[in-house]
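Structure first, commentary second.
Going by the order they are written in, the chains are A, B, C, D, E and F; count residues from 1 in each one.
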Amino acid sequence: MEALIAITIGALTATGVYLVLRQRSFPVILGLSFLSYAVNVFIFATGRVQTDAIPIIGEGRIYTDPLPQALVLTAIVISFGMTAVIVIMAIGGYLKAGHDRVDLDEDGR
Amino acid sequence: MILPLAFDFAIGCFLVALLMNLWRLFSAPTITDRILVVDTMTINVIALVMLYGALIETSLIFEAALLLAMTGFVATVAYAKYLLRGSIIE
Amino acid sequence: MLRKVFPHPYLTVLLIAVWFMLVNRLAVGTAVMAVILGTLIPLVTAVWWPKRPRIKAPLALLSYAALVVWDVIVANFQVARIVLFMPADQIRSAFIRVPVDLQSREAITLLAGTITMTPGTLTADMSSCGKALLIHALHAPDPDAVRDDIKARYESRLKRIFE
Amino acid sequence: MTLAVEIIVSALLVLGGIFGLIGSYGLIKLRDGMQRLHAPTKASTIGVGTTLIGSAAGKWLVSGTGSTQEILVVLFLFLTAPLSALYLAKTHIFLNLDRRTLPDPQTGTSWATLEDQPEA
Amino acid sequence: MSHWIIVPVALPALIAAILILARRTTITVQRALSLAACIGLFGVALALFSAATTAPPEAYHLGNWPAPFGIVLMLDRLSALMVLLTSVLALVVVVYAIGADWDRKGRHFHALYQFQLMGICGAFLTADAFNLFVFFEVLLIASYGLMLHGGGRDRVRAGFQYVAFNLIGSTLFLFALATVYSVTGTLNMADLAVKLPTLPEGDMGLIRVAAVMLLMVFAIKGALVPLHFWLPGTYANAPGVVAALFAVMTKIGAYASLRFGTLVFPPDLAATGGLFADVLLPAALVTLAVGAIGVLGASSLPRLAAFAAIASMGTVFVAISGFTPATTAAALYYMLHSTLAGAALFLVADMVVRRLGDGALKAAGPGAFAGLLAALYLAAAIGSAGLPPLSGFIGKLLVLSAWSGAAALVWTVMLVATFLMILGFARAGTRLFWKSDPALPTVPAPASSEPFAYAALIGLIGLMAALTVFGGPVTAWLDATAAGLYDPSAYIDANRLYEEP
Amino acid sequence: MSLALIAALPFLGAILCSLAIRWGRAACAVVAGLVSAAALSGILAHAPGVLDGQTVRTQINWMPALGLNANFMLDGLGLLFAILILGIGVLIILYARFYLSAKDPAGQFYTYLMLFQGAMLGIVLSDNILLLLIFWELTSLSSFLLIGYWKHLPEGRQGARMALAVTGGGGLAMIAGMLILGQIAGSYDLSVILTQKDAIQASPLYLPALILILLGAFTKSAQFPFHFWLPHAMAAPTPVSAYLHSATMVKAGLFVMARMWPVLAGTPEWFWIVATTGLVTMVMAAKIALFKDDLKAVLAFSTVSHLGLITMLLGFGTKAAAIVAVFHIINHATFKAALFMLAGIVDHEAHTRSLRRLGGLRTLMPVTFALTALASLSMAGIPPLNGFLSKEMMLQEAAATVWLTPWAMGLLATAGALLSVAYSFRLLAHGFLGPVRSDYPHAPHDPGPGLWLAPALLVGLVLAIGVAPMLTAAWLVNAAAGAVTGTVVETHIYLWHGLGAAALWMSLAAVGGGLATLGLYPRLRKAWDDTPRPEAKIVFDGAVMALTGLARRITDGLHDGGFARMGVVALAVIVAGSAAAFLTSSHAPGSRTMLTVTPAVAVVWIVIMTAMFAALRFHRDRLFALILTGIVGLLVAVGFAYLSAPDLALTQLTVEVVTVLLMLIALNFLPKQTPVESSMARRLRDGAVAAITGVGAALLTFALMTRDAAFAPISAFHLAQSKPGAGGTNAVNTIIVDFRGYDTFGEIIVLGIAALVIFALTETILHNRDAVAALKREGRASRAGDRQPMMLAVATRFLLPLTLIVGAYLFLRGHNLPGGGFVAGLVVAIAFLVQFIGSGFAWSQARQRLDHHLVLGAGVLVAWVAGAGAWAFGLPFLTSGYDYVTLWPLETFELATAAIFDLGVFLCVAGAVLLALASLSRLTQAARDARDDLPKGPV
């Protein structure tokens, strides 16, 4: 299981990185989404995983570490806010420039 | 006695269904089909989640199933509306 | 007065029921909360449901629901048979036009939904005026029969409930 | 728990699983886009419904506590399935279908999906 | 327990919330609120500063949970200093923004501004590694809004890169924090400082990975080459007034490097040892060089200011990478200075851009500039290049003298970079302010004399002068601060780890 | 008067001058003059003591930690320079009053001049080398302003930049040198350093320090090969040239050499570097001066040459030579300042300074001629003028010095003197003698005394020192030379040393040779003009241009605005850095037992991996890529649910669907396909970077997951205290709203800010004409009919209350079971979004009674109040309390203040999500709107 999760995180990261390195805003945003999946799962996973150990007191005998979960919650929310902002920026940039390339040209850089 | 077997069978069915969905996702001739596949996938996943919840005897992941149903519906409608009208909110 | 407090009494009842199902625990606290929410939510959302339907025959609605559930269960086996055993080239699909006599938007919606949920047929579209439904039947060697069946079995009942 | 009840519950689970499978299989087997719409909106929904009711019953049998939450999920799925199907059908009609294959609505208006939009 | 420690976070948050609710009120009301908040923040920062000067470090246990289980804010000399610096800059910049009417050019300027301050102050005050991430995000997202404020030709597209790159940085930050937690089981910085020296050898490799990743995160914030690529486009395209406020944002990267490099991963820690220093010094030298070359090669005043900001971060990091009390004190002095100088330069650039429509380094039409603006440019340039009589020179002397010893390379790079910057600033200034092109139409006199904007700018210059004149007490204060960083026992004790608060 | 005050006076004067301009040019000049005079009198008041061998000191501790203190001292050397700086300063101020034209901004001039004067005075009065460095760089800066004073002249700007580059650059080298020196000596105070000769000269860092300090001195004093800036600084107004290039700026380098002479001089290194540089400069510059036509250029190169002479003398390292150097500093200042001013008068009157256009001024400008003649003759070293005295002494010292061979130094020194004679005579002959011409640009005649008074006074000194050196100058030379050499100096200066003196013959040879040279001038000039030489300005400009161009290319090349470059570099650095950090340390593999993989897990894993690779493969089809991303997100949520994290699953699901809505809205305005535009090489590069990063992440994950934490995780406390401490059984929720509620406070503010940013940017877009036009183009795409299908519209009537009750459910139970304010807020937001989709934006907005801003702001406020409420109980921010309440007929239930905080979270999230999506939807409205007016309604 751990190996599968590690591979998944690796693949999510690689997918995210590859898409982030594309030249248009939309794939970059998708790439960032993948990166945020990757890191969310990473935070979660590095708290070690357990099945049937929901950290709700009284529900079981063992509880998985709740702290990484709380951290992931924060991370999910924050990355959602960031995604929302970058999405509107992609729209604004496209409407103003007439193209959706992410590289800045001579004037803008 | 037979109940665990039945659980396993049901889970197995939905897993196979999920793999079929995966196959169809890529062989789908149109984007409409793809959305349909995703919708179906969501339904199958709901079944799996609820079966797993019953198996570990917890009601704590019921909300997940409920929200899966809700978000799956919203997403399907949104994808379709996007294809129909471009803007999903107008 | 009562109308102002309970703009949608059926909705209130439904919400109370849903609350109990959600909480999954019979207790006084649950009931209190259910009543509070069952009252508050319809109040808050009243503006989003401006012309609420009048249900003339609530009991008929229940029997309609039972009918549909039954149809869904039974007819599902037909679809299963078609999908599993009928060779693809023998499936006779058809688009069927179903004229609608219902007036209430809620009733039309319910009809369309019923058509979809009962196996073999699916509401694919509606005319822009709302006077006809476009139905797709998975396997309908006799489209007219399907149309008549829908009108007789569902539409007439709905008409009694809503109009 | 009596064997009979266990058998019924098991049967529900098995049936649900089969219906779920049929829904997804139909997606692959059926040739026409409109036909494919039928399979999951019905079979899968029914499949998941049967399964959930079965598992709720199973849970009740095992732990003695009843659960109504599964029913809610099923209700929600039943409520939304026709809407998803309608939207997908409209998309299919708009994007993939030859409009001449459709019957005329005979209401003096066109099918809503194919209606010409004034602002377009 | 002093509740004042939370006020630099709570006050801007409250005012921002009120500003959101009061968004339909007149601009005057919004300005009054925002200005009052900045003045209040300054007052509180001053009080905290004096408290930190006279008393040992103090902890604020949020939610009244014992450390390390809850989140702890720490007021020590360093955090008090950074909050004070932030509040001073905030006050100056808000006056400028009001004076130059910047806040009218888009929506929610003041709310975003206050949130920005909240984020910055929160980052300086927190003693919890994950909470640092949260406040990084607060300040970043507010900075996105401010950066986009008022629209602009390439602003949105430059902003996209800024956001996207910072999202990569945030992802990295999370990877690092999760690694830290996974290895040590804690997030409190003091707790980490206590635990890491006893870390089993088998875990050292992983904690080193975390340390490097954290350092990279801070390097991104601090615009350290080669993680600086986001800065030129962002700062050059941001509204000048916002870029001026951003002068303190890069310092957060420097601050965090310093904090982690002395508290969590101090030079004598077995696991990481000289890791921070080894990574930072070469990167800082290259940063300084890249910044200085950029100043010389810049084609517009905002871009020049952006590269000057990079160069200043290079200098700051050169000093930080020494990781001795002397170099640290020099780093702190230079941080203070370069924040003021950078802000001044961006404000001058903003004045020029608003006067001419762009800041291209070419002759303008007759009548473009009054003597005052040229004089202010001169002062800002002197400050940025590090020439006397402003504080940059003192700062450079401090860094150079603290880096004595095996420092030939450091000295060479710093002095050559200064030389290039002198050339660059002189070239830019003579082209822009001395040369005028009679073939161009006369630039009409500005509609408003903008007394507040000029007052803000002159205030910044005055602060740099004050930093010079009062260099004695300032350096003495900073020496004590730096000494405290290398003896963090008081800081750790103040956390009262594992005790009931 | 305290030395610090004296040093401050000129700066005070600068401020006064900038203020006094409103009372007129004269007022400025008077202020500047009075301040200079006051400073001079302050210095002179100390003179008796200093001449007695005392050193006056003022010490102010400034930055003791750095060793930078405002310590001033006045010794003989300082006295000499201070008198020169202030005395000539007063004369220049007088002269400039009449020289500058009405349209020159006099206020600026005097301000800059006083700044410069202050900087110079600071250098010579500093008792601390760091303080000296400050003043040193200030001279560079203020001279930059003075040289570029006539901003409209390109030569002025270029000259100023060149001077700044060379002298400022040299100053930077000097900083390094001085710092080394101070560190060898253990102090930056001159009074300490000057006692450390042995330590300094024995240090291995002596040579670097020497070279660096000399770089500063040579550049400032325009020594070869840094001499080229000085002639170009002549673009400055003549008073500036007269001041900077006779008495002050260029002498600063000499001052430092003289100042450091006691500890730096006397070594072979010093001798070879300094004497040689001085010698070469002297001869070479004199030769160039001979062939310049511009009066000021002649004077400029002459200055360089004389500075070389003095440098050479200092380089000899002998006491006698040092005395001569000091003496010549005085002499050169007097005649050269006078000559510059006189050249300015000629320029002022004839409107030209070219020797080719002048001639015959002798009769037209007799006063000017007389003064020029005396000063020039002094420059040429003709008795009985002061230039003669020091030149004789110089030749004497040169003759006695062994440089390569016993006679080479003498010969070359004589050559320098010869050339000096030649250009001095040429200046007189070609400028003033000869026939009167008819083609001057402006009819020249003697100006009023305002202009010639200052040079006349100086020429008077030239004569007086020449005739009675012992009376007029020896005391000052003694004091200064005493300070330089650190010994008591009793010099004896005579006009006549007797026939046995080698200098006499060398002098005679120089004069004779000089006259002969002048006789041969036309031929020599032709040869000079025919010889190609590198023009210093062109070389320098070329170098600066090349440097600037290179800087531009490097800068623009590095920062080309490419985003992928940033990413690739950053990722490469991150991965390489992490790998290096890992590989240079020890690592023990973990030993946790791993979970087994069930078939269900395997299947879900296959689906997730396939979807991911498909997203890579099909990313150009944006909608499909979005769908695939959604599948990954969905399955990640399922994974969370499976691995005991229901709260995460709920959050991930709801966030996911809102993100999908957001992305669909965005995709509507963006291109639907991504074109193929990356080269295969680039794709391979990106793929490699991606793969390596992914492998790194996977390895790190695996290493971490298979081991336990080295120390007991703090979350044990959270689990233990969740119920008794925070009053909730859901440990994740109690962490979110209580243990780490402060994180959540920050997090909801992030979300709130995001919404504000989106709102603000939408407004900006909607107010941008181009953007709105583009929106309308996008809005004209072909669309299906049926904007709001009846079925959905009706269903949403029903779905809204149903979803709201689910939201309420999730909110109320969150503290104890999965759920909470965040998820509830999202669910409620989704409920309203479904209304937007089903019933239309306008319809829904019209029914929205609460402004989204209001909800958002109220949320932040509620969370804030929940946090700050604890203050009322003297508890820290966000301290929560809870209690159990029994209220018949209900069961005992719990009331927690954390719920108020959670309510804030709920409101903030719902408000933010709705504000964000409503803002985006307004773009759609604008796209549809045929008219230009913006959609109204509460947002």
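Before moving on, here are some points about what is shown:
Here, a residue touches a chain if its C-beta (ideal position, glycine included) is under 8 Å from a C-beta of that chain, and two chains touch if they have at least 3 such contacts.
If you're wondering where the values come from, they're calculated on a predicted model, not measured in any experiment.
Here the chain-to-chain distance from chain B to chain F, counted in touching steps, is 1.
Across the two candidate interfaces, A-E and E-F, the one carrying more C-beta contacts is E-F. Ranked by how far their CA centres sit from the centre of chain F, the chains are topped by C.
Centroid distances from chain E, each centroid being the mean of CA atoms, peak for C. Centroids built from CA atoms put chain E at 61 Å from chain C.
Averaging C-alpha coordinates per chain places the centre of chain B 22 Å away from that of chain C. Centre-to-centre, using mean CA coordinates, chain C is 74 Å away from chain F.
The distance from the centre of chain B to the centre of chain D, with each centre set as the mean of the Cα atoms, comes to 11 Å. For chain C, the set of residues that touch two or more other chains comprises 18, 22, 24, 112-113, 123, 125-126, 128. Shown for chain E are the residues that touch two or more other chains, namely 130, 134, 137, 141, 144-145, 148, 156, 161, 164, 168, 175, 178-179, 181-182, 232-233. The set of chain A residues touching two or more other chains comprises 20, 25, 28-29, 38, 42, 46-48, 51-52, 54, 56, 59, 67, 71, 74, 78, 81-82, 85, 89-90, 92, 96, 102, 104, 108-109.
For chain D in complex with chain F, the residues that touch the partner chain are 76, 79-80, 82-83, 86-87, 90-91, 94, 110, 112-117, 119-120.
Those residues of chain A that touch chain F in the complex are listed here as 1-30, 33-34, 37-38, 40-42, 44-59, 63-67, 69-74, 76-78, 80-85, 87-92, 94-96, 98, 100, 102-106, 108-109.
Note for the complex: chain B touches chain A at residues 56, 58, 60.
Of all residues in chain E, those touching chain A in their complex are 130, 134, 137, 141, 144-145, 148, 153-154, 156-161, 163-164, 167-168, 170-171, 174-175, 177-179, 181-182, 232-233, 236-237. Those residues of chain F lying in contact with chain B across their complex are 599-600, 603-604, 606-607, 610-611, 614, 623-624, 627, 630-631, 634-635, 637-638, 641-642, 646, 649-650, 653-654, 656-657, 660-661, 664-665, 667-668, 779, 781, 783-784, 786-787, 792, 803, 806, 810, 817-819, 823, 827, 830, 833-834, 836-837, 840-841, 917, 920-921, 924-925, 927-928.
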